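Worksheet: one structure, shown below.
Which chain is which? They are A, B, C and D, in the order written, and residues in each are numbered from 1.
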Amino acid sequence: MGSDQLLFVGFGALALLGALAVVAQPNPVYSVIALIVSFFGLSGLYVLLESPFVAVVQIIIYAGAIMVLFLFVVMLLNATREDGSEWDRAHPYYRPGPMRLGAVLAVLFGVQMIWALTRTVGLGVGVGETRPAVESVRDVGRVLFTDYMFAFEVTSILILAAMVGAVVLARRREE
Amino acid sequence: MGTSAFDAVIPVICVTLAGLVVLLAESFRKKQERMPLGGLALIGLIGAVIACVLLWDRNATSFGMVTADNYALFVNLIILTVGILTVVFSQHTVERDGLPAGEYYALLLFAIVGMMLMVQATDLLLVFLALETMSIAVYVLTGIRFNDARGTEAAFKYFLLGAFASAFLLYGIAFLFGVTGTTSLDGIGTVVAAQSMSGNPMILAAIALLIVGFGFKVGVVPFHQWSPDAYEGAPALVTGFMSTGVKAAAMAAFARIFLSSLEPMITDWAPVLWGVAAITMILGTVVGVAQTNLKRMLAYSSIAHAGYLLVGIVAGNEVGKAAILFYLAAYALTNVAGFAIIGLLGTKAAPNDDLRDYAGLWHTHPALAGLMTIVLLSLGGFPPTAGFIAKWYIFSAAVGSGYYWLAIIGFLSSVVSVFFYLRIVVMMFMTERDARPVPLPVAASAMAGLAVTVAAILYLGILPSRVIDLAAASISTVF
Amino acid sequence: MIPLSYYLVLSGALFAIGTAGVFLRRNIITLLLSVEIMLNAVNLTFVAFGRQQGVVDGQIITFFVMTVAAAEAAVGLGLVIALFRGRESLNPEAFTALKW
Amino acid sequence: MEGWGGIGVMMAVAIGFGISSVILSQFLGPSNPTPEKEAPYECGVPPVGDARERQSVKFYLVAMIFLLFDIEVAFLYPWAMALRDLGWFGLAQITVFILILLVGYIYIWRKGVLDWGPESDPDYHVAKVLGPSVVKRYRYGTGN
């Protein structure tokens, strides 16, 4: 096993175990922190994929801002415990309709993924063996502001709508 | 008008500018100061309508990801009409219910921007971004009533399932990107057509994920759970807006992706959509009959209507494609009018959306009862309304492609659904209420808007050929 | 070199964990976190495919997805706060004004 | 992949230092707790009430604004790196982007989301008349 594989296993395990911990344990604060760990693992994987820009932005935006927002809300609502924890221990198939459907959906999804991936040819080729990587942020910028420039402008509307929406929802009283 | 690189996005720019101006006006509004914010929104929307009309037949494209072909313009005109009607109906209600006017109109306009771009997008990334812009604005609009437990809860459920569905949609886009190396619809179409992709598991997975993602947005069974809750909890006018605008935009993007880029795979996805359409029509109708809340009932009715629309996509022939557009127009007008009447008759304190609240409406609001009757008849598909012609075209498209069973299921579920529409009509005219409520004042502008809408429904029902030809011509430029 | 399928299976597993989380968990915050896991799984797919093809598009799309995730988080958490104004529970079972 | 070794070493040192100082202090430091030492440190003032009291919604709003403008700034990095290739056209794009978000900034500013003084809190005036306990009861309740 080369160093690449070793790193992949390490970062992959970090991402996977972090995600599992988010879903599996009851305290939302720990869930948020577990997700940050998972994001660091993903960031490492992005480095392995020679995409440093995404790796750094992953930390800046996800771990640095989105998760902080989550923590603020958990603290704001003082919601460090999960209410009705008996639901966590109950078997998923005893949940109301959509929950059952969802559990089935998740299982089906996993089966479908494995089926698709075992049948598709050409996936066994090592990533990056055939083509060189586009690593520099400069290239990212060049393509982002030419091919994707309209998508970029639409993003500003998206952010603006989210901003107005969040203020409207969180406002405390009518004026 | 000369040709420039921006032509295709001029309608969108009009609406965006209106949204920004509304937001700025709201920012500088003093407390208790009243501003004609709805008027500002109307100016932007009408500007966009004019731009759409001027762009007709010019097939403008901009930035390599936006197109203004006649198909997109046709659907955009539907969306803009829905927007204009919603603003007209809201003028009075926003003030009466104490909604934050600036934010309400701004989010409405941003949602319309998202819808229009979703229809115009020729790149899956832009489809996704536009869908999110639309969705985020609509989530907030659903929960915009302050301290309204039902509204906020509905908004949260809508948000959660919506975000969940977008993740599926995005995963589908990722697989298409992986297989074809591009997110542009033309590029995907070229690759899919050139190589025989049938049986490629990756692209089958992508199609399945896209169906799940769009299925949630359009509200087809089994991805419909959010819609009755969201429709019931939201303010009625917002419900009217989202049940038509969101559905029209999502359906149009769905049809564009599946009938152009993924058309070579039609033998793979048509059977799946066949099943989805059949279950959707049956379940929407059967569960709808059992509802006692008018908003919930109309929610199930719009689920059933999504099923009828899917029939058009499954049929996939020339008649079917034109029928989708005509159906969207007819359905949009009808549903906006229906929810507007509910909105005009209910306040936050007394929603008045139970079926019993409509007993004896004829005696308190004769005009509204009359208009509501035509709306309900159109929803049920009675001649001479738009709903009849729309269903007729959809079913004849299905028969034309050899989907006899689908046409029969659709026909039977329409017949059953007539029961629950007629039940309300009977209640409005035939029954008396013990304690007759004080009639709510209804704004003249809203009444005028309703009258125009209902006239349009009748026009589409009696003289449909002009619009049908327009729909057929506009869709033939694309697919 | 690591085969592409490794990355795809990893992201598929992450996506499935997120999906399961949305349906099995009852805590609103955890539900939102599960959706974030799903979006991250998709991001990994995009970057892996992009790297495989030697194009920068995968990274750019990922960047847009992060933006969308941020906007969704802002609105979603705003809704959670609005939801909390009247209630004390984080358990969706407690919200029964509307049926699921 | 070159150049990440240094970052890896730095991460390892940072994490290692954090973990080792927590563990070492457990073993090396003397431990004889008294009730006063166990109490949370509040700058010498005796703590009042539960530390897990709910925070004001303002913290959320500020974190939310930070998040959304953080994204804006993240878009500036690739733009700045590619500035010379993009020229005036790139500048025009980023200007439109920032102007649109500026509208959001003006909205937030005018709505008082950025005001932190006690007078900006509508509860402040209520509290002056009715006393703080009333405010506390209604702050997260349904009262207006």
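Assume a contact is a pair of C-beta atoms (placed from the backbone, for glycine too) under 8 Å apart; a residue touches a chain by one contact, two chains touch by 3 or more.
Just so we're clear, the structure is a prediction, and the values are computed from it rather than from any experiment.
Student: Going by the average position of its CA atoms, which chain sits the greatest distance from chain A?
Tutor: Result for max centroid distance from chain A is chain B.
Student: What whole-number Å value describes the gap between the mean CA coordinates of chain C and chain D?
Tutor: 22
Student: Would you mind pulling out the distance in Å between where the CA atoms of chain B average out and where those of chain D do?
Tutor: Taking the average C-alpha coordinate of chain B and of chain D, the gap between them is 39 Å.
Student: Could you put a whole-Å number on the gap between the CA centroids of chain A and chain B?
Tutor: Roughly 30 Å, centre to centre.
Student: Please tell me the distance, in whole Å, between the geometric centres of chain A and chain D computed from their C-alpha atoms.
Tutor: Comparing mean C-alpha positions, chain D is 21 Å from chain A.
Student: Two or more other chains touching the same residue: where does that happen in chain B?
Tutor: Chain B, residues with two or more chain partners: 23, 125, 129, 132, 136, 139-140, 143, 147, 152, 225.
Student: Check each residue of chain A and list the ones that touch at least two other chains.
Tutor: 48, 50, 53, 57, 61, 65-66, 69, 73, 76-77, 97-98, 101, 113, 117, 139-140, 144, 147-149, 151, 155, 157-171, 173-174
Student: Could you list the positions in chain C whose residues touch two or more of the other chains?
Tutor: Residue numbers touching two or more other chains: 15, 18-19, 22, 32, 50, 52-53, 55, 57-58, 63-64, 66-68, 70-75, 77-82, 84-86, 100.
Student: Based on the touch definition given at the start, go ahead and assign the chain network to line, ring, star, complete or other.
Tutor: Drawn as a graph, the chains make a fully connected set, so complete.
Student: Which residues of chain B touch chain D in their complex?
Tutor: Per the stated touch rule, the residues are 20, 23-24, 26-28, 147.
Student: Please output the residues of chain A touching chain C within their complex, sorted ascending.
Tutor: Interface residues on the chain A side: 4-5, 8, 12, 15-16, 19-20, 22-23, 26, 28, 31-32, 35, 38-39, 42, 45-46, 48-51, 53-54, 57-58, 61-62, 65-66, 69-70, 73-74, 76-77, 79, 82-84, 87-88, 92, 95-99, 101-103, 105-106, 109-110, 113-114, 117, 123-134, 139-140, 143-144, 147-148, 151, 155, 158-159, 161-163, 165-170.
Student: Can you name the residues of chain D that touch chain B in the complex?
Tutor: 100, 103-104, 106-107, 109-111, 142, 144
Student: Hey, which residues of chain B end up touching chain A in the complex?
Tutor: 9, 16, 19, 23, 31, 62-66, 98, 100, 103, 106-107, 110-111, 113-114, 117, 123, 125-126, 129-130, 132-133, 136-137, 139-140, 143-144, 146, 152, 200-202, 204-205, 208, 222, 225
Student: Within the complex, which stretch of chain A touches chain D?
Tutor: My answer: residues 47-48, 50, 53, 57, 60-61, 64-66, 68-69, 72-73, 75-78, 80, 136-142, 144-146, 149, 152-153, 155-157, 159-160, 162-164, 166-167, 170-174.
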